[in-house]
Each structure stands twice: as C-alpha cells, then as structure tokens.
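Below is the structure I would like to discuss, written out as structure tokens.
By letter and in written order, the chains are A, B, C, D, E and F; residue numbering begins at 1 in each of them.
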Amino acid sequence: MVLAEMTWPEFREVSRDTVVLAPFAACEQHGPFLPFATDAVIASEVAARAEAVLGKEVLLLPTQWLGASQHHLPFGALTADVETHVRLVYETCDSMLQAGFRRLFVLNGHGGNIDTMHLALRQLDRRYPEVVLASASYWDVAATEIASILEGPLKRVGHACEVETSLMLWLRPDLVRRELIRDDHNFPAAALRGVAIARSAAEWGTVGAEGFATRATAEKGERLLQAIVARVVAVVRELRHTRPDGGRETDAPGEAAAGQE
Amino acid sequence: MVLAEMTWPEFREVSRDTVVLAPFAACEQHGPFLPFATDAVIASEVAARAEAVLGKEVLLLPTQWLGASQHHLPFGALTADVETHVRLVYETCDSMLQAGFRRLFVLNGHGGNIDTMHLALRQLDRRYPEVVLASASYWDVAATEIASILEGPLKRVGHACEVETSLMLWLRPDLVRRELIRDDHNFPAAALRGVAIARSAAEWGTVGAEGFATRATAEKGERLLQAIVARVVAVVRELRHTRPDGGRETDAPGEAAAGQE
Amino acid sequence: MVLAEMTWPEFREVSRDTVVLAPFAACEQHGPFLPFATDAVIASEVAARAEAVLGKEVLLLPTQWLGASQHHLPFGALTADVETHVRLVYETCDSMLQAGFRRLFVLNGHGGNIDTMHLALRQLDRRYPEVVLASASYWDVAATEIASILEGPLKRVGHACEVETSLMLWLRPDLVRRELIRDDHNFPAAALRGVAIARSAAEWGTVGAEGFATRATAEKGERLLQAIVARVVAVVRELRHTRPDGGRETDAPGEAAAGQE
Amino acid sequence: MVLAEMTWPEFREVSRDTVVLAPFAACEQHGPFLPFATDAVIASEVAARAEAVLGKEVLLLPTQWLGASQHHLPFGALTADVETHVRLVYETCDSMLQAGFRRLFVLNGHGGNIDTMHLALRQLDRRYPEVVLASASYWDVAATEIASILEGPLKRVGHACEVETSLMLWLRPDLVRRELIRDDHNFPAAALRGVAIARSAAEWGTVGAEGFATRATAEKGERLLQAIVARVVAVVRELRHTRPDGGRETDAPGEAAAGQE
Amino acid sequence: MVLAEMTWPEFREVSRDTVVLAPFAACEQHGPFLPFATDAVIASEVAARAEAVLGKEVLLLPTQWLGASQHHLPFGALTADVETHVRLVYETCDSMLQAGFRRLFVLNGHGGNIDTMHLALRQLDRRYPEVVLASASYWDVAATEIASILEGPLKRVGHACEVETSLMLWLRPDLVRRELIRDDHNFPAAALRGVAIARSAAEWGTVGAEGFATRATAEKGERLLQAIVARVVAVVRELRHTRPDGGRETDAPGEAAAGQE
Amino acid sequence: MVLAEMTWPEFREVSRDTVVLAPFAACEQHGPFLPFATDAVIASEVAARAEAVLGKEVLLLPTQWLGASQHHLPFGALTADVETHVRLVYETCDSMLQAGFRRLFVLNGHGGNIDTMHLALRQLDRRYPEVVLASASYWDVAATEIASILEGPLKRVGHACEVETSLMLWLRPDLVRRELIRDDHNFPAAALRGVAIARSAAEWGTVGAEGFATRATAEKGERLLQAIVARVVAVVRELRHTRPDGGRETDAPGEAAAGQE
C-alpha cells in the first residue's frame, strides 16, 4: 500500500498492525559519474519493489530525499543540518504513530543519516515505549549478500562505489556517465581501526567517491537489487511478529532465534 | 537544468546567476476523492514544465513533499512541525546559497507552508542581504488567470477544490476517485472579514475539503496548468533582472514597472 | 476591562467567555517624519478605544511593542528574532489560555509580525483545539473602509504612509515632523505580481518609507481611526458567537454568513 | 533622549558613547490591593525621571512589561518562559549594540527577571567583549537608601510590600485598593539561610504578597522614588566612565574606588 | 548513600523521602597557583563529608565538573554554554525526580553556575510543583561562618581567594603552587554598588584571580571545611521537614522560624 | 598531562599539537551485581593508564560521567537527553579547540553515547575543518583483542557482561556483588540481522544486563585492560601523524596503510 496514492477514507481503513516503511535518502554529489539523485533512486526502488511483493503487509511512505549531507557541501549537495534531520525523521514517523500505527521500519539509503535516524528513533521510543521502532541501512540488512556479489577489494558500500554504480547501471543507466567512472579510495592507517574520523567528502581522495566503481556492471546491479529487496521483505515480515523489546511474539510462526551475533 | 540528474562537475559549471527554483509541497489528505500526493504532483508538474521551457535559465531542485500540515492530522497527513518546516526551507535554500547562487525562487504548492516559507526567507535575508530571495504560491502568481477559468463560486484555490481537482483530472486521472467528488464549504461570518482563525482541517465542513470540486474538469485542468506554468516562467525570467531590493536592474530589457498594486 | 489595572481577585472574577484582546506592535523607524513608536501608538489607541466601547465584553492586554523588525535594523529598530517573536505571541496568549479563557483575538499593528503571529496561533491551536484563536492586522479588518478614505495611489497601508501619517497627525501631532513628510515608493515589476521578495527596509526607496504620506491629514486620521475601531468592535462581538472551527454558534443572534469570500 | 519618540535621522545622530537604559518589568498579580501593572509603572517612572535629569547622557528604551513570571500563574500573570525571557533581554539589547552603542544598562523592576537578565548579558558579553554591559534591579542600587526609609520588619523589597505599595500610593493612587491592603509574610526556617527554594507565588502566605504593605504611605513612596532615581542617575553617570572590565577609565574625573564590597 | 556505588536493586530500595544531594562545580583556571580542578575538589569533598555524617538521610550524586565558565576561556576552561548548563542541571535532577524522589538539594561550588542552577530549578518547579527544590552555593549557606574565619579585606569567596586557597591547602596541598600565590583584586567604583557588570575573567586584574590568597593557610582550610560541612548537614536535615512552599511541615520537630531575613 | 591538575600558565605552555583525550561515560544501572559507576570507572582507568604511558604526548580531560542513558531509566540512571548530550560533547571539545588544539580524540565508554558523539564531532567538523576529530568506543579500537580473550558466546561488549564484569573485578572488586552475578541475554531473530530496534533496558531480559557475566574473572579483567590501554596508546600516537582528512602526514614515520577494511 502506497500512502501517497491513498485518500483519507482508505487510509483510515488500513490495519494499525501494518508495518510502516519509511525510506530516507539524500541529494548529494556522487563523483563525476553518478547523479545527485543516486541515493534517492536506489532507496525508492528498493522500497517500491518490496512494497510490490508485500502488498497489504506494508504501508509505504514517500522517500525523503533531503539527507544529512553537510560533509558533501564542498562538492555539492542539498543538506539538512544534523539536528534538523533528526526532526525530519522524528516528525515523519510521529505522524504515523499519532495515527495509531505500532510497527515502523525506517529504511535508510545514505550513510550520513545513520546517526540522525538512530537519535530520532531513540526519542520516539521515549514517547512510544509500546511501539516496534526498527531502522536499518539497506546495505546492513543485506551485508552478507552484498559482500558475496562484489569483486573489488572493498566488500561493502562506500560512496559512488561498486554497489551504487552497479545499481544505477541497472536502474537508471541514462543517468550514469560511463566514460567518467573511476576508482577512488583512501584507506586509513591500520593503527586507527575502530576509530571514526569526522571529515568532509572533499577530503576523500580526489573525485568525491570511495570505492571501486570500475568493477560495476548492470548485471551485478540486478543481483544486488534482488538480494536487497529480498532482505527488506524478510525484515518487514519478521517485524510483523516482533515485540517492542525486539523479541518475537510468542505465538509467531516459524523462524528460530539467531545462535550468535 | 535538473539538479538531481547532474554530477558535481556539471553542477560546478552552472552559472551562479541562474535562478534556483525550489518547489515545496505536502503529503496530506485531500478529501475522499484526491490522493495524499495531490500537492506534490501539482507542484512538481508545474516546476518541471517550467524547467522544460526555461532550460539553462533555471536550476530545478527536487520537490520537498513534507509540508507543514499539522492541521490535517485528524484526517491523515505526514507533517513537519512549523519550526522544523522553517528549517527545511532555510537549509534547502542555504545549500544553494553557500554554493554561490544569487537568485532563488521558492515555489509553494501548499497553503500551510506560506508562513514558514516567509520566515525562512526572512532569516536567509539576514544572512544573505545581497541575494534575490523570492517566494510565491503557484495560485498567487496566477491569481487573475485562475479566477478567470473557474466557474464555481470560490474564485481561488481552497482545498481539494475546483482548481486542484481539475489539475489532478488532467495530470493523474488514475488517482482521482471520480464517484466520490463532492463540494464542501464553510464560509465565515461577514463580520470576520480580514480575520484568520487557526483551526484544524477536521473542522472544515464534513469531508476535509474546501471548495467546489464538482465543477472540476480535465480540460480546465489543462488550461489552469498552462496558465500557471506561463506565469512561473515569466517570474523566473523577471527574477533574472531583479535586484536584491526587488527593483529591476537598470540595464534590464523590456517590461515597465506596475502602475498600481 | 484592562488587565494591567486589575488585581488578582478581580481577574479571577472575569467570565472565561470574555474575548481576550492582545495587541502587538513594533518599535522601529518610520521615515524621517514619524517616530519609532508609531505602530505602538496606533495599535494601543485602536485597542483602548475598542475596549472603551466594549467594556465587559473584552479583556484588554497591554500592547507588546517589541516586534519582528529585523528588516528595519539598517535604519534603526528594536527587534526580536522571528523565532523569539513567535514565542512572544505564543506565551502571552498561553498565559491567558492557561487561566481558562476560550476566545482570543490577536490585534496586529506591524506588517513584520504577520507570519510570526500566524505561526504562534497555529502552535496554540495544536495545544488548545477547543479555543477560538483569531488574529488580524487592523488594516485587514478595515481594508474596504481604509481604501475608501485614502486619496493617494496606494489604497492600503504601506509604511509611514498616508494611513499611518494621518493617524499620527490625529493622535500624536507632537511627534510628527511635518516639514519632513514626503512620499516614497518603489513598485515591483508587473511580472512579479503575487511574488514576495525578502528584503531590508534599507532597500525601500530612499527614506525608509513606503507610501504617499504627503496626502495625510489629521482629519483623515480621525476618520480612519473611527472606521478601524468600529471594525475591531464588530470582530470582537462576532467572536463571542464563533465556534473554534470558525463557524457561528447555532444559537447566535443576528448576522448571516458571508455570500462570497 | 527617548528612543520611542525619535525619527531615524535623529537616532543616527546620537553619540554611540551614550548609555542605553533598558527597563524590564512584568505584568503579574500583586496581591488584592495592587494592580498587575505595578512593576511596569514603577520601572517606567524611575527610568523616565532619570532620563529627565540625564538628558543627552542617556538613551531610554521603552519598558518591556512582559517578565518571567511563571511562578505567579496560579494567581494570574502574563509570562514569558525563562528561555524566552533571556532572548527578550538579549535581542532588545543586541538591537542597540548592532547599531554601535557601547554602554548598556539594563534596569530591572521584577525579581523573576534577575536570572534571565544575567544570562542574557553573559551571552552578550561573549559576542561583544568590548562593550560595558551593566544590569541591576532598582532595589539593589538603592539598597541602603531603601532600608533606611522602611519601617516594617522587612528591610528590602518583597512583593506587594512596603516599598511597592508606597511607590504606587505616590505614583498611581487611583490603582491602589487601599481598603484591601494587608501584610503577608512567610519566613523560612533559620537553618535554610542562604538556600533558595523554587516555589510558586501560590505558596507564599495567603494573598500572593510578601511584606508589610500596611506600613506603606504615599509620602514614603515619594522619598523612595527620589532616592532610587538619584541612584540610577549616579549609576548611568559612572557608566560613562567605566571600562568593559568594570574598572574606571583612567582619565575619568572624580570618584575614588570603593574600599570594601 | 552514594548513587555511583549502588546497584539497581539497592537504588530501588531507597526511601523516596531521602534528600537527593547533587553537587555542581567547574573545571577552569584558578590563577597561577591553584589547579583547574579546584571547584570540583572542594564541592566533592564538602558533599562527601556531609554524606559521611548523614548516611541514610541523603542520596549523593556524582559531582558534575563541567560548569558555566565561558568567562574564563581567555585564561583556560572547559565550559558549557549557559543554555546547556541549565539543561545539565535540569536533566540530572529530573532523572531523580522521575524515579520518585521528592526532596532535592543542588549544592553549587562555582559562581558561574548560580544563574543556570536557578533557572533549572524554576523550570523543574513548573513540572514538579509538589517537590522540594532547594539550591545553594556552599559559601552562601555558611556566609557568616566564612566571614568570621577570614582575615583578608574580602569577607566572602572571590576566585582563587583566601577561602579557596585555604581549602586546597588543606585538601590537596600537592596541587597548590605555593610560591606563586598572590593577591589580586579590582574593586568597582563606589557609584556602581548593586550593579552587575558582565565581563571576562581576563578582565579581572592581572592573574585571573579575585581575592587575598596570601592570607590562606591549611589550618583555615580545615576550619572552613568543618563549618561548611556542618551547614550543609544542617540544611539537608531541615529539608527533610520542609514543604514544597519552603515552610516547615507542621509536625516537624524542633527549630523555630527565623525572626528576620 | 592532566588538565584538571594544571594551572593556567602551565596550560598555556602545552603544545597545541598535543592530542586532547576526552573520555565520556555514563552513570546508570549495570544489573544487580555492578555499580552505577561502572562505565565511568572503566573509561577513567583506561584513559588514566594511557596518559601514564603517553606523558607529554597527550592532554587528558576529566571523564564526563553523565551519559545518554534514557533507555536505562526504568531500572535507574542519571541521563542527559540526547540533544543535550550532543551539546555536552560538542562544548567540552570546543573549549579545547577554541584554545587552539588541533588533534582531538573522544574516548567513549557507554554504548548510548555513540550516536551523540558522532553528531557532536560532525558539527565540530563543520566549524573546524582543519582539525583532526577522532572518536571511538574503547571496545571498538580493541575489538580483535577483546574477542580473543572472551570465553562466553558473546564475543563483544554487551552490558554488565563478561568484559565489564571482568574489568570491574580487576579494578574495583569492592563494588562488585559477586553472589549476584548472572548471565542475561536475548538474541534477536535471525531475520533481523542488520536492523536496530530502539528499546528500553527494561526490555532486555530480566535483570538489565546483556551478556555472560558468569564467565568474568579478575585475571581476564587485567588482560582486557592491558589490551585496551595498548590500543588507546597506539591510536593517540597515530593521531599525532594524522591529517584532518584521516590520511597520514606524508613525513610521518613508520606504519603503512591498512590493506583492507
């Protein structure tokens, strides 16, 4: 079910046990070969395809394309300040929680949104302790699948990398400047493992990217998309049986708990 | 030019004298016959068609669909708080002003955004006194044209009214529930002319609409759209010759100043 | 009834159905011929004369003279930031709503306060959905009357214009520098009709005014004042019969609804 | 000099070494015998009489009557939240500091404003380290003089006390309900000396007052007013020779430093 | 009882009538002879010794060492902005009030925290009108005792003064640079009695201190500490019998009310 | 070097290339067997021991014990709101950056602080683009080492787990209630891998813990502490040669870049 296409009497009829799926992305530079819309295209496609599978199991919100992208301003971006982005996630979700929904899944497609998304859900948790408040970046729910598909030395999403470029070659080849695709990487010192360095995208190598885009293919994009969509579908279905504390409802069918984290 | 489709080297090449066109809309109930997406569909179409005419004269941003819609929550809406919406407009525009653009036009498609858009631009004016900061709702730039096309007793935009319903019948007839179209209106007492009453949409008549939607036709929608797009094109072109104080650049071609307001 | 002159036992006895009248103004430059106090003098006089007519039908608050006047700083002003001005209106009104009053009329006398006054009342509406929250600038409730009295080409209030200068010539001639009165106007391009341009007062012509002050007379000031006070009285009386949704109470006497807006 | 009565060309001519005098008061209950306006009447009169003596040595701002009075809400008050009141003081003063003034004196007439006034000036000090930022409540600059005039057991200002009632009997006897004057006091335990207890006015004795109003006379009011005005005049004159660090300018005439604090 | 050393089952057993003791200090320069930790050392020792006497009569929180010290930045400090410091006090206390405690005593050891502590408790009072919310700086509860011990011309706490230096010589002589101890004072003009001047520590004399540290001795430090701890103990015991309005519970044993303030 | 023990002339002499080490912790329940102070004890000891090794290579700030712990309130905690915690980290660090330091390492000891620490450093990066802004939780810099020491099924830090209990048995055995030590775990469903669920500690198993505390020993605590301190020392030393973009200064000695992430 797609909220944007509904009228209010239809919205009023939706079961409040339906999982609300809220995609968040960004509008920012993705190197000289991918468009500003990259994150929004990918997050929207993943969410729309999951909705196509899930039907009445999910209520899909429109994709918020304004992300927390201040670190991309030197190359070019539209960005919310981080405090504002927390409010953006909070208030979008709150609109649905005030309407009575009890299961929410924020699906993220931009690395800069991770901290703000977490804070927003922690604040919502204080107000709505009885609601299932879940969030994930698409690359985290499908980390294993993505790693197994990639061929370059970076086995995860970077920025304008093998994953994003493959997905765009599959989804919107018209927006990819193939002749300008190139690799860009800047590995930190080994001694800094586990350390985060706050820095601007202008400081990442020379073209505002991070990863091995030259390994990207449209065919990999198709496989990545299928794997990611499958995982998002699985998460939404599991959330239908999840308690606010993260455990499973006792009468839920099927799947056993994970052995190890 | 469409920002979302550009790469950063292309963005860097855009003349900073280009007018930035930033559309803002909402995602909220529009009666039992129009979808939540109504404002976003209309604002996006108006902006995209203006961009198609203007080409390199304009830089189009993506449409922000999250509006200041708290007064629609009783029927259904996604909404930002008013303070957050001010920030949303401010920071979206600020991203472009930091990048050096000097002419900005916020194009609004939702009544609840008027106050917040004004405050955001007043705050931007304090920081960027040398920039042309313009804003308008699409129905205000084309008020005369709209009034001349309408047939119902309300000669302006209401909500899910003759204007919006006509536009949607033309643009997205698949999303209109024709059989449920109905009029809804609630005129205030004559003694209250000039007075604003803060109130919830739940208090507007009985179906969350305001206006005479039964007068709507797709053909009117087409005429309305053409008139509105023509006016937006004219505004953007005039802004290319406007000074930060609202006057015309002395060497600008053509048009004389208005005789009376 | 005048709050500032009451003791708390008297305040406690006031019927909570009384309309609270809250005037807001500014302290800012009004050209080389009118004093900074212009807006406060006018708003206070209008409100006090309405109170003199209305007696126990109204509870008058003191006039807040600190407005949202940042755009006048280049010439000279005391100003609140726009966010602070929203709080100023909100909290002043909230003090009365917490005390149980159910009908509120914010009477504005400064153009820069319009957006902030609207936002404050929208926020109050979220907290007090059952209260009648009305607001207006004095020139909007009496727009027709004012236009019929004016002789200059601008048929509405500008700034240090025919209206304000006439009112001050009638109310406080000692504060008007007659020998310095002059016209000042700067009409925008016709193509920009319906567009708002955020700009500083320093950019309005050459003397920080907007309008045709040379047409002002004390006699016009008297007529304007009478017309405005009569309209404010009429609004307060109508608000005594208004529901929170803006409609009339069903058992209210008299006046029929307006035919057209 | 009175800002409210000036035009902008006159304001522009004022020497930026003039001391800006900014009075802050409140609008809140003062027991069953004094009006809500008490603090504003007293602060305004003190400031106006000081200005009458000082002439071009001072630039007087209008009195802000909205104070930080939340603790009086149970009896009745208009109040700003404390954060908002900090902004109110900050922004009023900032408007003058942006205009280039370098010596500022906030004159306070309401106990609830002391903390907020201090915070506002501390924040201003961070932005304007080279400006003289002084503040005082009128009863603190004249503490010795006030104590010597009072006859009741409380030798300082309370609330609706001997000081305030005497001043109102002298300044606005028409607003005093003489037949209702009574004492009200509630001394804390001796063990709590030096301790502040946050509490509502509703908890102070039985009538919302604190002090010995039955000792008040108009004649005392006249003497109190003269003493307070003299001290305010002396402070303003000294501030003309004060450095931002609180010391005296080395070439200042006259007065030696205090021996002990 | 010391919160930091407890487990949650022990915390759950604590009587909610116990007085919560919350010490606040700072980390800022104290002249060339005392360490940044001075305020935290003193406040922590006073609180810990009071807790040692009071046992189950008090629940001691850890000392917050981050104060409102912006005025010491030119010499050196860690500081919270004043707004943040208000939140720090508010939220620390609120954590205990949400857990059900009804008597709270904020014990302050840094002059820059007085305003922020007051505002925090005023805000808490609005939310928790039924709670006893007390605060004091240690030098105010023992003002008489301190004055009687001091020998220098300043009979109260300054900064890196006779009081603080004596206390540090007794408590942490290893952290005192004895050879660098010196007096520093800068008395304001007599005409400014009762006036506060916002200023940076960099403007206080020449070494960032205020007072007569050369009079300090370890022996005085011991006597000061004993006097202060005794007063804090007395305050906590009295608060066990104090009502939210600051009066005594009617069935409280012993002490009569103070005759005069 | 320990800031708290310095005087301002000593502080002024510190090289601004020294790495500032800022520990952040929490004061919250740690099950029935560990004290509220657990995170603060561990973070302080790690930092102090690293400082003992590093000497003049580091400037150690005091440990901030107030964390973002709202999710522990049902069992017991002192907590800052998440927005306030962002400010706490920001302003503490900012105090040092304003003093001219150019290399900063925030060392975290509480899971609830990760999001807020990240946001604070991202905001600082916007203001100080030329500064090295690093942050890590102690368990992330030593993840490999910790995993190799642990014997229970959870190979990382949980809460009151094998790691924290071992460390406290080594550092403060007097504060551990050994007889109450027990395991507590609640693994999420396998389908939710990569998904974060916002939830209260009250929802984690039955005793407010997460992990296998029964496997803890003091001997393991000693080995864990040594491994963690060694890694913190290595990080600080590497940061002395790190550029603001996270790369190594070109003339830095020794270590090659990491092969893979």
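Note that in this section a residue touches a chain if its C-beta (ideal position, glycine included) is under 8 Å from a C-beta of that chain, and two chains touch if they have at least 3 such contacts.
For clarity, every value in this text was computed on a predicted model and none was experimentally measured.
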item	value
Chain A to chain C, fewest steps along touching chains	2
Residue-number overlap at the chain B/chain C interface, same or different (half cut)	same
CA centroid of chain A to CA centroid of chain D, Å	56
Chain A and chain B, separation of their C-alpha mean positions in angstrom	29
Distance between chain centroids, defined by C-alpha means - chain C, chain E (Å)	49
Chain F residues counted as touching two or more neighbouring chains	none
Arrangement of touching chains [line / ring / star / complete / other]	ring
Direction chain F, origin chain E - full chain order round the ring	E, F, A, B, C, D
Contacting residues of chain B [partner chain C, same complex]	70-71, 82-83, 86, 105, 115-116, 118-119, 121-126, 129, 132-137, 140-144, 153-154, 156, 186-200, 203-204, 231, 234-235, 237-239, 241-242, 244-248, 255-261
Of all residues in chain E, those that touch chain F in their complex	3-9, 11-12, 27, 29-37, 40, 61-62, 64-66, 73, 75-81, 84, 87-88, 91-92, 95-96, 98-99, 175, 177, 180, 208
